[in-house]
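A, B and C are the chain letters, set down in written order, and residue numbers restart from 1 in every chain.
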Amino acid sequence: MTSDGAYADVRPSAPAGTMTLPARYYCDPAVFEREGERIHRAMWNAACPVDDLREPGDYRLVEIAGDCLVVVRGEDGRIRAHHNVCRHRGTRMVEAESGCLPGSIQCPYHAWTYGLDGQLRRAPHMDRVEGFSVEDYPLASAACDEWGGIVFVRVADEGPGLLEQLGPAAPRLEPWGIGDLRSAHTERYDLKANWKLVVQNFSECLHCPVIHPQLQRLSHYLSGENYPVTPGAVGSAMDMADGVETMSTDGRLVGEMLPGLPEAGRRRVGYDILLPNVMLCLHPDYVVRYLMRPLAVDRTTIRCDWLFSEEAVSRHGFDPGRAVVFWHTTNLQDWRVSELAQQGIASSAYRPGPYSNREDQLWQIDQLILERLGEA
Amino acid sequence: MTSDGAYADVRPSAPAGTMTLPARYYCDPAVFEREGERIHRAMWNAACPVDDLREPGDYRLVEIAGDCLVVVRGEDGRIRAHHNVCRHRGTRMVEAESGCLPGSIQCPYHAWTYGLDGQLRRAPHMDRVEGFSVEDYPLASAACDEWGGIVFVRVADEGPGLLEQLGPAAPRLEPWGIGDLRSAHTERYDLKANWKLVVQNFSECLHCPVIHPQLQRLSHYLSGENYPVTPGAVGSAMDMADGVETMSTDGRLVGEMLPGLPEAGRRRVGYDILLPNVMLCLHPDYVVRYLMRPLAVDRTTIRCDWLFSEEAVSRHGFDPGRAVVFWHTTNLQDWRVSELAQQGIASSAYRPGPYSNREDQLWQIDQLILERLGEA
Amino acid sequence: MTSDGAYADVRPSAPAGTMTLPARYYCDPAVFEREGERIHRAMWNAACPVDDLREPGDYRLVEIAGDCLVVVRGEDGRIRAHHNVCRHRGTRMVEAESGCLPGSIQCPYHAWTYGLDGQLRRAPHMDRVEGFSVEDYPLASAACDEWGGIVFVRVADEGPGLLEQLGPAAPRLEPWGIGDLRSAHTERYDLKANWKLVVQNFSECLHCPVIHPQLQRLSHYLSGENYPVTPGAVGSAMDMADGVETMSTDGRLVGEMLPGLPEAGRRRVGYDILLPNVMLCLHPDYVVRYLMRPLAVDRTTIRCDWLFSEEAVSRHGFDPGRAVVFWHTTNLQDWRVSELAQQGIASSAYRPGPYSNREDQLWQIDQLILERLGEA
């Protein structure tokens, strides 16, 4: 099972002549700016875990394409996303990364006060301004929705709904019940690499035998099966080797087996990307969730959570360590080559190179990007 | 006196529909560059206190709109401002921030030597260059003048005189005799905010009850009276509450009452801006003087001096502490909201917002800026 | 010999009206970019000493105009320069500054493997891509040659040979046999100055009496004789004062007198620039070699080696200290004024200034630069 011969490379050839994207897609701040407009603001963007916002007033600041949003649970229990900009003189109002707001958002400059629903409630001395009405000055807000335990935000006014964007990924992920899982561990990473290099790295395992020897022992790199790519989701599944129960330092289960998994889900690891900024590794007993934040054309931060069933997490003496170490090690290996790709692509000598038939999804992702940028 | 009711909000409404400026005036380096040309180089710009340059040869380096000037007192007692650039190969000549020059400015590279008046005196080996004459290579200089104990520099060749720029502010400030006062304390601040946000913050007290509780106790925010705005000066005065002698941590005088103040000056605090970069707080017993230096579209440094009468400063055991703590505290409160304004205005969600009738001067200052930029 | 009178200033006047270059040549990133294309990539650029690459597999990473090259000695003994960019997905392959490669260059991402000659040898799974052939994907390479113990690289595909570029400098330098000398000491410098300011500083000694008193004692600044400027080389020689044997802290020899020097070479110091990035100080007993690396329009790094005969370096108890201290001191003096020139030229007040007749070579170098930039 661990030699190449065990898995025939049966995947169909990629379209003849498929090549990587030109350098500007990874190096040009103007392309990054355009991606901000056409991808990150236009699509449903994972903002934060729902678990960050349990009580009314709980909020988290979220940066999307240069904008700062206050994602907050209202008194009515609903989560909303407001631009962190006072309508009076443009002041940033909320400073701490996260916390609990006391039923309203008050600008620290002149005390304009907004409800958690974004409505302007009080604007001192504006009553003497002819024609002024608080109704005209709510906070600018973004569309907000939840799925799978994740708060999604769409900055653009118009666009399809969240479920439409997720497409077949939503039913495919259903059995893992990720909305009910709990984070047992969080890591935060800061990469000097374009966000698309992270997505591409996640989308092929051709590099696995080269940089992930410990992963390769548990799951053969040729065992992958890709799902059809849709505008909002990319995914695949890989077999675990005989005798391997999950991806962990010793191949043994770390959490409880998740209930309701199909037979295949017990013998495979799912790798799903919810474009543009969520990645998920689905194991029989736990899920690793990556939330990406593109900060610049060559810089991306990633929050990574290890999610287990409530039952597992609350078990006395539960230790996620074997899963954490396994994926933290794998992550660092992936981030390193992603950063090296960023460096090399910035060279004047870089030319688009040929994709192999094991990288067919990358080419399809490139096409999605180009379509969104209007450059297909 | 401390409730809103005590002071009726009698100020006339601002012109209908007055709004804050678009974001680019605070965020676009190209606008900042243009302001450098049309405002900071074109207007008389406060360079440093006259007291920094007491003896011939005393100098201070001053940065205006990216240029470095040597502001120096000559052997003839006159203060001049020379660009710190040798006419030979362009070398910066003077390195230390301040000091005393020995009767000449010598370039450290090839020893071209200039008088403190900027005339080239010696240029080794240039005598063999046909047509060369030292008369042709004086240091580039800026216009220089003094008023109120401040050295002003105008980088542009042409323009109105200093007194013309100051307009009615000069006679208005006359009674405080600020040219005769002495600095008892200096603070230096570095702000991540556009210089205009500092000017605007200084020009309204609508924010006082929100962020300056200690100030609000001494002087009611609605007590202000604005002077007519002129191209070079903006100002207002506010009443002190009953029993309050000056703005200090305990409301008691800190220095000697300044002689020659009009009755009103003993019961009020004056707030005067000499555009583009001086701000003054005028008390019965002392003056706080701010000299601003815009370093980038989002960065400004400020030197702040607490000025008292010579008599007070030389009094045995004189302690300016109650005035210093009062305004240092107030300054930090103001710089914080100015930085928050800078952050919020940089958001794509920022839209010009409505000024209240208590912010009429801000709108007038905006118009002055637009006029100078040729965008009114 | 040490007073100005001893050396008449007999050099012919420079062409009337020769002036320094406008500021943009030292401050504008766009000019720097253009220089990268038209000068640093187009010309033979010193990459590293041959001595860095003694054995097959020995390599050094070299940055030229933003590109990273692997300069490596092949199994066939030949030195080549490959762009450090995998032809598959553009990954930077070699990370450490220098080291020894095991007969091949393997990309750390997907294990594409290249010979030290740059040929692609192995590309996993690409055999299933229709029309793919390893012959089509060698590493992008740059022309590579050696002279005088220095590896030279020309990134541009086309251009004259190295000896043609060196022109008369090659035979002129022949007697010092610099290819046979060994480095006894290395210093690395990081300057906030444009690379051309370093070249110009090296090309005149008019500044010597001002900033190099210890040098001026050993060699009179007016004693220089310039060689005719050629497109690839600039040079001059200066006499040492009576009784001075070499440039060192005490004027005494530090190494063995180099064999084969002409009589003049024993009484003079040669200053040669091999454009665009080598500078050499030639003494009777040793050579100081500067390899420059322009990193930005206002930043240059310099590696400086003190080269002596093999015999001297291997002598028991050999100490290069008197030569090292002498030139390290001189270097720091030169780097300081070069940085001051960078600062001053960046001022809006900078205007091109007049060259003296002792700076005739600088004007000629300026003309070479302008010609290469197509702006003569």
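Throughout what follows, a contact is a pair of C-beta atoms (placed from the backbone, for glycine too) under 8 Å apart; a residue touches a chain by one contact, two chains touch by 3 or more.
Everything quoted here is computed from the prediction, not taken from an experiment.
In the Cα superposition of subunit A onto subunit B, the rotation angle, rounded to steps of 5, is 120 degrees.
Residues touching across the subunit A and subunit C pair largely diverge in numbering: under half of the numbers involved belong to both copies. Note on chain placement: the centre of subunit A and the centre of subunit C lie 48 Å apart, centres being C-alpha means.
In subunit A, no residue touches at least two other chains. By the touch rule above, subunit C contacts subunit A in their complex via residues 65-68, 83-93, 95, 108-111, 123-126, 128-132, 137, 140.
Interface residues of subunit A facing subunit C in the complex, by the touch rule stated above, are 9, 13-14, 16-17, 20, 23, 200, 206-207, 209-211, 336-337, 340-341, 343-351, 353-358.
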